[in-house]
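Each structure below appears as structure tokens.
Shared chain: chain A. Partners: chain B in the first complex, chain C in the second.
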Partner chain A sequence: MYSISEMKPFEKKLMMGNFAFARGIIESGASFAAGYPGTPSSEIIETLAQNSSKTGMYVEWSINEKTALETAAAASFANQRSVCVMKQNGVNVASDFLLHLSYSGTRKGLILIVCDDPGALSSVNEGESRHFAKMLEIPLLEPSDFQEAKDIVKEAFELSEKLKSIVMIRSVTRLSHASGIVEANEILKQKNPPYFHHSGFILDPETGPVMSTPVTYRHQLMVKRMEECRSFFKNSSLNRYFGPDNPELLIITSSVDFLYSMEAVKELNLEKKAGVLKLVLTNPLPEELINEYFLKTDSILFTEQVLPFIEEGVKNIYADNFKLDKKIKFYGKKSGHIPNTGETDTNIIINALSKIFGIEYSNSDEEYDKKVIETAFSNVTPGREMTFCPGCPHRASYFHLNNAIKLDSKDGFICGDIGCYTLGMLPSGYSTLKTIHSMGSGTGIASGFGVLKKYGFDQTVLSVCGDSTFFHSGIAPLINAVHNKSRLTMVILDNSGTAMTGFQPHPGEKNTACGINGTPVMIEEITKACGAKTHILDPFNYKKCQEKIPEIIAQDNVNVIILRHPCALSPQRKNKKYFEIEIDYEKCVGDNCGCFNFCTKIFKCPALFLNPSTKKPEIDKTLCAGCGFCADICYHNAIIKKAADNE
Partner chain B sequence: MNKNSNKNIIITGVGGQGNVTLARLIGESVINDNKYITIGETFGASQRGGSVMSHLRIGNSKIYSPVIPLKKADLIIGLEPVETLRVLITYGNKDIISVSNSKPIIPSNVLSGEVQYPQKETLHQKINYLSKVAIVENFTELGIKYGHHLLSNSIISGVVSGLKIIKGFDQNNFTNTIKKYYSGKTLEKNIAAFLKGVKMTEIY
Partner chain C sequence: MNTILEQYESSKDVILNNYCSGCGACINTCPYRKLNKNSAVIIFECSENHGRCDMVCPAVKTDHENLQKKIFKSLSPNPMGNIIKIYKSRAGTRFQPNLTEKKTVTALNCFILNSGISKKILMTKTGRDFLPEPFFAETEEEIINSGKTIHSTSPILSVLNLSGEKSYSFTGLPCQILSLAKTEVLEKKYLKPFLPDIKISLFCTWALYPQQYSDYLQTKLENNDLKACQITSGKDKKIIFEFMDNSKKQENLDEIKKFIRKSCTVCTDLTGEYSDISVGDLETDNSFNTLIIRTVKGLELVKKAVEKNYLEIFPYPKEAQLMLETASTNKKKKIFS
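This part shows the complex of A and B:
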């Protein structure tokens, strides 16, 4: 456990950005936190949950992001400081409520922390969340380093309470999942008995009902609120400038791009020519401050992650400035100096600055470069695709599903979504996934394919979704499919937890975030109640799965198969083997078998590989998780499994 | 290649090898000896068999980015030899030092027979070719010899400590940090493994 709640004021710790956020939330005296797991955001709620016995904070892993935000809002309405955390695509899910919350306003401080993933390091999109703040007219803060990640939380709560609005904080992977030294402050004690005042005058923000109507009246308040926010930030020390009084080039930046920009300026020795204006408040943009800087420079470079958000905003301010009697040259994503896709880094900014200043930057050594090129072209670094872990139940599940689809010979396919099982699109999942979009969308898409039978469509349609994803957004499309008499098999890959993000509990389990007893809601009870014939199988039961799955997917209705087995890395399985696996080299005839190296080349478990000199398979005992599945698939029974002796 | 005394260290390997923990362990160990420490992690693919890197920057001059720029690493700690080579190609320079485990983890495109995993000797030779000093050993095998294959990372820590590249990364600081993670026999074994690693560097 990372005991950040026990840190004393001024104590310093090497802290991941997400721990810093969590410490900031604790220091602010928040009493309520909710979220849905998603990389790179999960450690915030997780850390708050781990510290909850000490802090007394209520911490919840909610069923999805929208519900998380609704529960957090309720706490604000009941006069509690409250926070909600999610990754970038979570905001899409929560946005419907967020829109109405922007209108209704809040009471005690409410913060939404969103962790974006530029470059999609652990996502299937590089969605940009900042535009939600603009579209929904709420303040947006972007911390640029670890200390600021912690300190900004308190500022955000104060701003939220002043404006009676939710305040959004945007982080990115390189802040949330990077670490630096953070100094702690005092923990604020907030003691407000929770009470929801609702009987006052309809327009009274403190005692009236909380709602988005009357709409135009509320919208006017929102516009005013943003003006107030701008003036609140006019003299804020958070927006800071580093550089000469009148820089040849001004870099306007936010978030980790501030760090990259500072390093790039230093690396090119441009400290006397280029200045860096770091913005923390990025919606609404600090108009007055930016207008002041228009007077100090003739060229501006924007460095930011994903979309040209600040770039477009500053250009708007420039267009509105009638008093400005000069032309400014803008560089950024629009000019092509900063790429429009992927994450930025120091090297990208060094390149942009070199181009603008006409500097030839080189940090290479000719002789070494030659060696590098020679090595790079000698085929010694085979690519390393992601793959299911040794002992992963998903590998076994996809093995069965792929077989069943092939046997069925109707050019069948699987519609998937987000989780470890997304890897089903890669060879390690036998490339069986053919559509991948948002959470739960595999079943929605499958529901659509299935009703096309009216026009003669007869391909076999399957969908997969994880157990946590089922609760998040898999139930509605299943009901849709049943009600509209679609034809599909929904496969729920139930590995007992939100495995990809680190085993956060979901509503199907006994535990809640804080480890107290929750009421488990059984997946099979729901699917049955939805009217889908439900089959529960263990993917490691080779025989039964091979027999049943082809039967089920051939049926002309909506079926659910729950393939249930805990994740190989789950607390109950980690470092415990079911079997010790040996290869009987008397029986294994290697290349002469006729199986085409089925257990290695086809099955592709990282712990079972073909020894190129013996031409026979070998077990890597340091990797093998002892699931025993490889023994079941060997035609010659040459892989032997013996019950393991776990101390 | 660094302008100042700060050290840029990349720990590389395959998801599940303890990469992130090792970076944290080194970072936490030297917190009292260095004003600035950052760690940049890419662990989305962490336990899913992909390449994983931790960027560790340590020193007393201001550090901004938690991500090390290209060609700017001073030390590579490779938990898998192909990954060591991959990082050398991108972040290496003529002064780079590398400490690498020679135990391979076979990628799925090698399992499927699409590409070949390089020969052990070739890998050694290339790692040497791109490093000023290279220590390549089967630390996993050594770990097994001392009680568990996972002790390999503590042996590697010992080697790194023995090379005296990172200010403050000594036995005392290592022990104080690893105490927070392990106790009893496991703690003892890890400290013993660390000392074996230190010993291995006596010839350098």
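This part shows the complex of A and C:
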């Protein structure tokens, strides 16, 4: 693995989009980076942290996105180039501060990189961060390839410094997580001693206090700032056009859709008829440039991810253009040529183009497609349901929680939250999660259910919350529940790290993003201080959990259960088995009544599989993480665990 | 003639519709079910269609004709089921003066233990918070001390499934006795516990949800431990709470009738028709029990118990028999109407 900070100028490397962003940040001489992990954004901060000893950059995993942006803003106020990174949901969290930051303005360059997840490949929404840029009146840049991902960072810093405003860069999964060739540039050295000037005149952007008031005055500046931004980008070489001078159809696009559009045009041999205008500044849209293109074509197709952001913007410009004496036909999400939901890709654009041009095009082999469907719906391929890893403490935790809820027999349920444990909504978590929204929302919703007892609500309410999620946004709803005398059990599934995104540290741990010198903040100290009765259990302690958890959830107040065990893939557990697992086939009753293959039908650890010929379970020794929980749940004591030798 | 009244094909439907009798027959036989303080609970869905749980559940549809033929080798025309003899009875002189009440069941169980018919008696005592607690009694003392009246159901069969006990006799309610009969005729492929040497059934018109009843009793305590609670006989029934300081308190029976199990409202069996011996109140004389002997095994036991002065038996009053027959018929009729 090469270090991106050690690349020489003009050296080319194949790298992931997120590495390109990180290299861009290093090249720009930024000295401060903060973020909260979230796919597909996590590698940017992670890479910066890995390189921090060489670059000297301060890098932190913040408690949540709002705090991340606040810390990054402070660095800008103290005259340091600074960057903040998050996924699309993060902007929702940070948006309150972001709105006020838009008013107050910034000092040294501050950029916000947001990685959206169209198609929700690893999210529970496909939210659009671009609308925040519009709503909060901040410039938005959308790179379309890997080189641009790197180069745009420097442009963004310069724009930010020119406008005294935060600048947002939007990436998407297919840019952040795909790889391409990137050529390195010089690393700029920014050596400004950090200092916050605050004693100047209240309206002085360089020396005065930094605040959003006086509001209307600042808002006027923001409007002016956007106009400036527009002209700044009018002749930018980043807006590029490919195609004939007067195309029959103009494709206006940005981000990864640029590459999809180019490929689609080529595939249909439409190079002479269709042109592609790739925009990099999508808020504010370069009005003058777009007006010029209205003169060159009669029909326009918009290709972009998720919502019709550019489409609506361009139509606005069209409506405002009184000089234009022609009718333009628009194709895009509104016309139904591009779907409104999910990811776009080359095929989608090919389909749109063939419809518009009346071209018969088939990009698939009928026989092949038929085979695919046959295979998928016959019994040839086994069902592959999303599930927890072998040895995952969450599987054990949900086993106990389901047991407790069922025994309690009050039609109880769990309000879910965001993390690996969101899978609790599926059979691998015994489908115990019944609400799933944003981070921290599980406990907030539970708090609301719990106070309904006033009206005779008697169902048992639980919430689950990961350790990182607890710090991110789980504390406030817990306090709310305690204060308002709600009735719930908050289960903190503490697997010692932000496991889902790759073990980024959180405030509960000893290490920080770049070092090991953090001060761990103990979850149980917080929950106790909040006034919740707190119990700490190890989910792999079968007997104790089976006994205690039903008792705890029956208590009529706000309870906290911390189910603590490190993730099976965590550095401390990876490749280490607690137990070697064997099956005693004399005791195993298999498919017979009295067990009915409970371990493979219900418990469903991927390391346990049903041998179809013997109709008995077997252990996949390669997959088995040796947690030993299957031995505890086997009703006939037919699964034997022996302490493993990890030498 | 016994007719099928239970509506459900599977014990899962029984549980989901709250008709579980809380007998515990389906508990401790597989990992899919557990017991809470009132009823069997489905922890995980099992897709086995004819599981042991379905076969032994007393609230699952029963083919009584078939079951009677298998257990008694014949069908009984009597609404009280198969009867060899019926007596009025009370504990014998051996127990005097310690046992002053009728106590037929206590006497029979003591005899079973002392004569070596069984090593243990599976029965129920009042446990913590007035919750019923199934247990194996091994001494006469344990039997006598457990003799408080419990108005709620006990998950007694769950204990049996777990125990692996071979030599024991059983005292329980008609639904539990029915489940044992179903267990007796179970096909070989199913795991089954050892069956009791003697099955004694208590008469039962209804029983209560243990948790609700326990919660209710807690409200009656006022820093005074409860010694016993008795339901008066005759019309306008009352429940009388007797406390440790010998003070008493009474409530209208309707107070506790709201805790009657839903399964009891569809039960057709007053006297425990699949027992060896059934024992209950004698409506015409409160100082005696009614004793129904259904099997030869039961008859032998009673004979020996009388010989050894454990039990006294007397001819059964005609009018009482008529009343009991009517009550049995009514319990069946009530369900139909």
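Some points to look at:
Methods note: the second predicted complex is superposed on the first by the 624 of 647 C-alpha atoms of A that agree within 3 Å, B and C clash if a C-alpha of one lies under 4 Å from a C-alpha of the other, contacts with A are read in each partner's own complex, and residues count from 1 in each chain.
Methods note: a contact is a pair of C-beta atoms (placed from the backbone, for glycine too) under 8 Å apart; a residue touches a chain by one contact, two chains touch by 3 or more.
In this text, all values refer to a predicted model and were calculated from it rather than measured experimentally.
Superposition of the two complexes onto chain A shows chain B and chain C fitting side by side, with no clash.
When the two complexes are overlaid on their common chain A, residue A:430 makes contact with chain C while staying clear of chain B.
Legend: residue contacts after superposition of the two complexes on their common chain; A:347 is shown touching chain B, with no touch to chain C. Of note, the Cα-centre angle with chain A at its vertex and chain B and chain C at its ends comes out at 90 degrees, rounded to the nearest 10.
In the superposition on chain A, contact is made by A:633 with chain C only, not with chain B. One of chain B and chain C touches more residues of chain A, and that partner is B. In the superposition on chain A, contact is made by A:408 with chain C only, not with chain B. In the superposed model, A:368 lies in contact with chain B only, and not with chain C.
Once the two complexes are laid over each other on the shared chain, residue contacts for A:592 go to chain C alone; chain B is not touched. In the superposition on chain A, contact of A:249 is made with neither chain B nor chain C. Once the two complexes are laid over each other on the shared chain, residue contacts for A:569 go to chain B alone; chain C is not touched. Closest approach of chain B to chain C, taken over C-alpha atoms in the A-based superposition, is 9 Å. Annotation: chain A residues 601-602 touch chain B in one complex and chain C in the other. Residues of chain C touching chain A in their complex: 29-32, 34, 36, 38-39, 41-44, 46-48, 50-52, 189-191. Note for the complex: chain A touches chain C at residues 402-403, 406-409, 430, 592-596, 598, 601-602, 633, 635.
Residues 12-14, 16, 39-40, 117, 121-123, 146, 173-174, 177-181, 256, 259-260, 262-263, 266-267, 345-347, 350, 363-365, 367-368, 371-372, 375-376, 378-389, 420, 423, 426-428, 569, 597, 600-602, 604-606, 608-610, 612, 620, 622-623 of chain A are the ones touching chain B in the complex.
Within the complex, the chain B residues that touch chain A are 1, 14-16, 24, 27-28, 31, 36-45, 47-51, 64-67, 69-72, 82-83, 85-86, 88-89, 92-94, 103, 105-113, 115-118, 122-123, 126, 129-130, 140, 144, 149.
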